[in-house]
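Here it is: the structure, laid out below.
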Amino acid sequence: MQILGLYNYWIFIVLMMCGFYVVMSRGNLVKKLVGLNIFQTSVFILYISMGKIIGGTAPIIVNQPDVVYSNPIPHVLILTAIVVGIATTSLGLALVVRINEAYGTIEEDEIHEQDEEESL
Amino acid sequence: MSSEAVLLLALFIPLASTVFIAANDTRPDWREGATLLASLLLLGTVLSLLPEVLAGGRPSVDLFELIPGLPLRLTVEPLGMMFAGVAALLWPLNSLYSIGYMRGNKEQHQTRFYVCFAVAIASAIGVAFSGNLLTLFVFYEALTLSTYPLVTHKGTPEAMRAGRLYLGILLGTSIGLLLLAIVWTWRIAGVLDFTPGGILAGHIEGPAIAVLLALFVFGIGKAALMPFHHWLPAAMVAPTPVSALLHAVAVVKAGVFAVMKVIVYVFGIDFLSATSASQWLMWVAALTILLASCVAMTQDNLKARLAYSTISQLGYVVLGAALATSLGVIGGSMQIAMHAMGKITLFFCAGAIYTATHKTEISQMDGLGRVMPFTFGAFLIGSLSIIGLPPLGGSWSKWYLLAGTADAGQWAMMAVLLVSSLLNVAYLLPIAARGFFAPLTHETGEVSVRETPLACIVPLCLTASGCVLLFFSADALYTLLAPIATR
Amino acid sequence: MIDHLPALQVVIPLIAAPLSALFRPGRAVWGLAMAASGLSLLIAILLLRQVLEQGVISYPMGNWPAPWGIEYRVDAANAFMLLIVSMIGTVVIAFARTVVEQRIRLPEHKQPWFYTAYLLCLTGLLGMIVTGDAFNVFVFLEISSLSSYVLISLGRDRRALTAAYQYLIMGTIGATFILIGIGLLYVMTGTLNMMDLAARIPAVSGTRTIRAAFAFLTVGVSLKLALFPLHLWLPNAYAYAPSPVTAFLAATATKVAIYVLLRFFFTIFGAEFSFNVMELDRILLPLALIGIFSASVVAIFQTNVKRMLAYSSVAQIGYMILGVSLVSVTGLTSTLSHLFNHALMKGTLFMALGCISFRIGAASLDRMAGVGRVMPWTMGAFVIGGLSLIGAPLTAGFVSKWYLILGALERGWWPVAALVLLTSLLAVIYLWRVVEVAYFKPAPERPVREAPLALLIPTWTLALANLYFGMETSLNAGVARRAAETLLGVAP
């Protein structure tokens, strides 16, 4: 039961591994970035879910002593991380555009071939 | 002026002269004048330290801390005084000789040559006056690096190969072994100062002593102990003044001087003789003496023969140190001065012959002695001094070394010394003999030979007479050196 | 004003960054960047003095007290690091102007953006050092990383683009690992403040979560600091980036990552947990040794000198990690000292190389034939930097090597000491290849002039610093030792 009860962490792990696999296995530069995004997003889920308390509400002060709040700090933190993720993705995509302009392709092995030829 | 200031001045003069030398790139007379002036100033400065050292003074000065707790320290003690004296005495002569040689052969990059030479002398003075192991290491490395451009002076592929070997062996041994030994010493003894009686006693025991000693003596690759001697013959591609002052005096002597200093002031001869950790070193030195002499006999190139002779003669110094007796140490130290005077004469002659006739092989020198009487006369005197015949300086160092072997009861070593003297006769005397007695061959006769430029002749005559002079002043040298062997 | 120094350290370059984007291309924007980095150098010096005299400085950002707000915390270790980074930052920016004007993949009207990215990178690096908050480290890490991807991609060779892309992928993975690690720490302790973390971790250190956090952080930071075998992004990134960028990153970026590693291992987890429970030294030691050895050997076979120096950097990082794995004051002193000294020597080498490629257009070995004769000053600086890299006495490099060998001997690790010395000789080989080509091969036929003064002055500044700090070691040995004691918690 405990294993299933921690399903949020399982989702995190599965997503992370999927993203990681895509980054490592794909040769297409855009697909790599997609994988990287999935990889980062999984961490967002880790943070968001760890701040959540079952039965807790939004952390707004109301004058009731027995109200349980979710922890807002991880959520705030992950906002920062999301911004970072967006910046990374956009920069990555910009680089891919430039690479496409310079090489005429966004396939890793073809770029590699061109570099090899150039150095010969 | 206080002796501390004089000490700094001795280091400063050659370094400062580089500025003047470099600034007068286009005015050779000024440039060489600056070299000569600096060398004479240095000689005066170094000699002015002598009275105080003889009186038992040990002027010392700290410059700055290289590692917290480990300053760059200059100290004058008798051994260093002698070495610095030898280097400072021979620099003016060598400068004079260089002028004749470099102009006579129209060498390239003469300014670079004089600059590097001055830096090398400064490093040698630094080695001589180093007050602790780290300072010694610093100047030792500076000496290697400043002589590299001199070895590769010609810029030919052969010179580059020689430079690679030179740098490879000297840097390799010093960084790989010597530095390790120094850090090890620092770790166990907590000090690196050269102290009479040594600093290691009580901090290390058993086979580790022999290992540490091995790291030191092989780490000091400049001592050209076999099997780390290949750099010396290779370095002979350098112009002859370099071979003369650096590879017969400053560089190699810095090596054996460092070995001597390590044995006397770091290990301490009492400690070594009590533990007999230097027994093996004696045998290595003996082997070096004999093997190098044998190789020297097979060399036809004059400079190569002299180089192997140097290797063999350096073995005497190491042997003297390894005997770890008072007489051995004094004999070895004396050998530093005596051999320097003799060998520089021989190299001056080799260079003079090359300048006059462009001959480098001994087999081509038949009969040259008749047209170059001064050169070959000096060569004969130098040879006799190296062999160790009275009334020449070399006889005293051999004498003390023999006495040292007897003192230590090392009869095998005594035999080695005697055999080696015979070998010296066999490879040195024929050169002078051929020069004087063999008829001028067809080959040699074709060139119209005359004596070399005066700037070459004067120094070599001076050093040859120096060899004689040293025979009569050995007593003074003994008085200077005696304190190092007794606590 | 003096109380706000920790904040100003970060804020000044942070404000200057967007400001410089508003400028027209020309000297004014360079002046602004120069002023901003110069000010941060000044602040770093003041901070270091203050720390050495008065001890740790704690600064609550925005006046929010520590557990809630972000605390900036300056002790001997990070004051020392701030000095390294801001010093190199200032010298390199002085060097950058001429290169930016002529040798960068940017149309002229966009040149001010170079300074924006550069200052942002500086901000990020300084922020990572000064902050006392674990999550803040991540934020600053990303600021510096993103801007460094941009800077690398500005190289004129198109391979700079792929190198930047590759670094982006690897760097982001590393940063995300760090993020995961910090998240897991937060789950177990409920705090992000480093001091609080250090206080609370021992109570939960037996849990698997803490161990997982430790593993994620180790791998993540190791990626950023290019520890062998996670160094694959580095050679290309350094080889194709514009020369000031290479000099700056090589001298600072990996160093700051090492500092972060030290902070996490020693301050947050504590040496006891990191090295006795997790036995991290058993992993670091072999990786460092293999890294030193293999990277040095690979460097020997490079024909692109910039790439050769990049591999040499991987090897030098190995020396620093080796110092960490000794887990002693001497070992850590060697690491911290080498952080400083390596910044000086690699800065000098890459800048000298920048001068050369500025004149001859490339940094390949065969095209450098004879440059020693036509560019004597540049090659002079290169030789000084090289000697320092080898560890010749009287240069800065000697100091750290001394401590490293001493540290190895203290532990009785003879083979390690021997290997350190042996690999110094490998450095002799790869550097002397360059020296031989530069001095002994015939000079190029095209007329080549000495590099302009605007490049030579910063290069020589660092070259002379190599010599100065080889003789005046109170900073790179004395302060490094204090910093090491601080990190190990044995400070007086």
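For reference, chains read A, B and C in written order, and residue numbers begin at 1 within each chain.
The rule is short, and it goes like this: contacts are C-beta pairs under 8 Å (C-beta built on N, C-alpha and C of every residue); 3 or more make two chains touch, one makes a residue touch a chain.
Since this is a predicted model, take the numbers as computed values, not measurements.
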Next item on the list: Give the label of the chain whose average Cα location is farthest from that of chain B.
Entry: A
Next item on the list: Could you name the chain whose Cα mean is nearest to the mean of all protein Cα atoms here?
Entry: C
Checklist line | Between chain C and chain B, distance of the C-alpha-averaged centres to the nearest whole Å | finding: 44
Checklist line | Centroid spacing, where centroids are CA-atom means, of chain A and chain B in whole angstrom | finding: 69
Next item on the list: Take the average of all CA coordinates in chain A, do the same for chain C, and state the distance between these two points in whole angstrom.
Entry: 27
Next item on the list: Could you tell me which residues belong to chain C and also touch two or more other chains?
Entry: none
Checklist line | chain B: positions in contact with at least two other chains | finding: none
Note to self: Residues touching two or more other chains, restricted to chain A: which are they?
What the structure shows: none
Next item on the list: Note which residues of chain B are touching chain C in the complex, please.
Entry: 63-68, 72, 134, 137-138, 141-142, 145, 152, 155, 160, 163-164, 167-168, 171-172, 175-177, 179-180, 183-184, 186-187
Note to self: Touching residues of chain A toward chain C in the complex: what are they?
What the structure shows: 20, 23, 29, 32, 36, 39-40, 43, 46-47, 50, 73-74, 77, 80-81, 84, 87-88, 91-92, 95-96, 98-99, 102-103, 111, 115
Check: Which positions of chain C touch chain A when the two form their complex?
Finding: 135, 138-139, 142, 146, 149-150, 153, 158-159, 161-162, 164-165, 168-169, 172-173, 175-176, 179-180, 183, 186-187, 192
Item checked: chain B-touching residues of chain C, taken from the complex the two chains share -> 387, 390-394, 398-399, 401-403, 405-406, 409-410, 417-418, 421-422, 424-425, 428, 432, 436, 440, 470-474, 477-478, 481
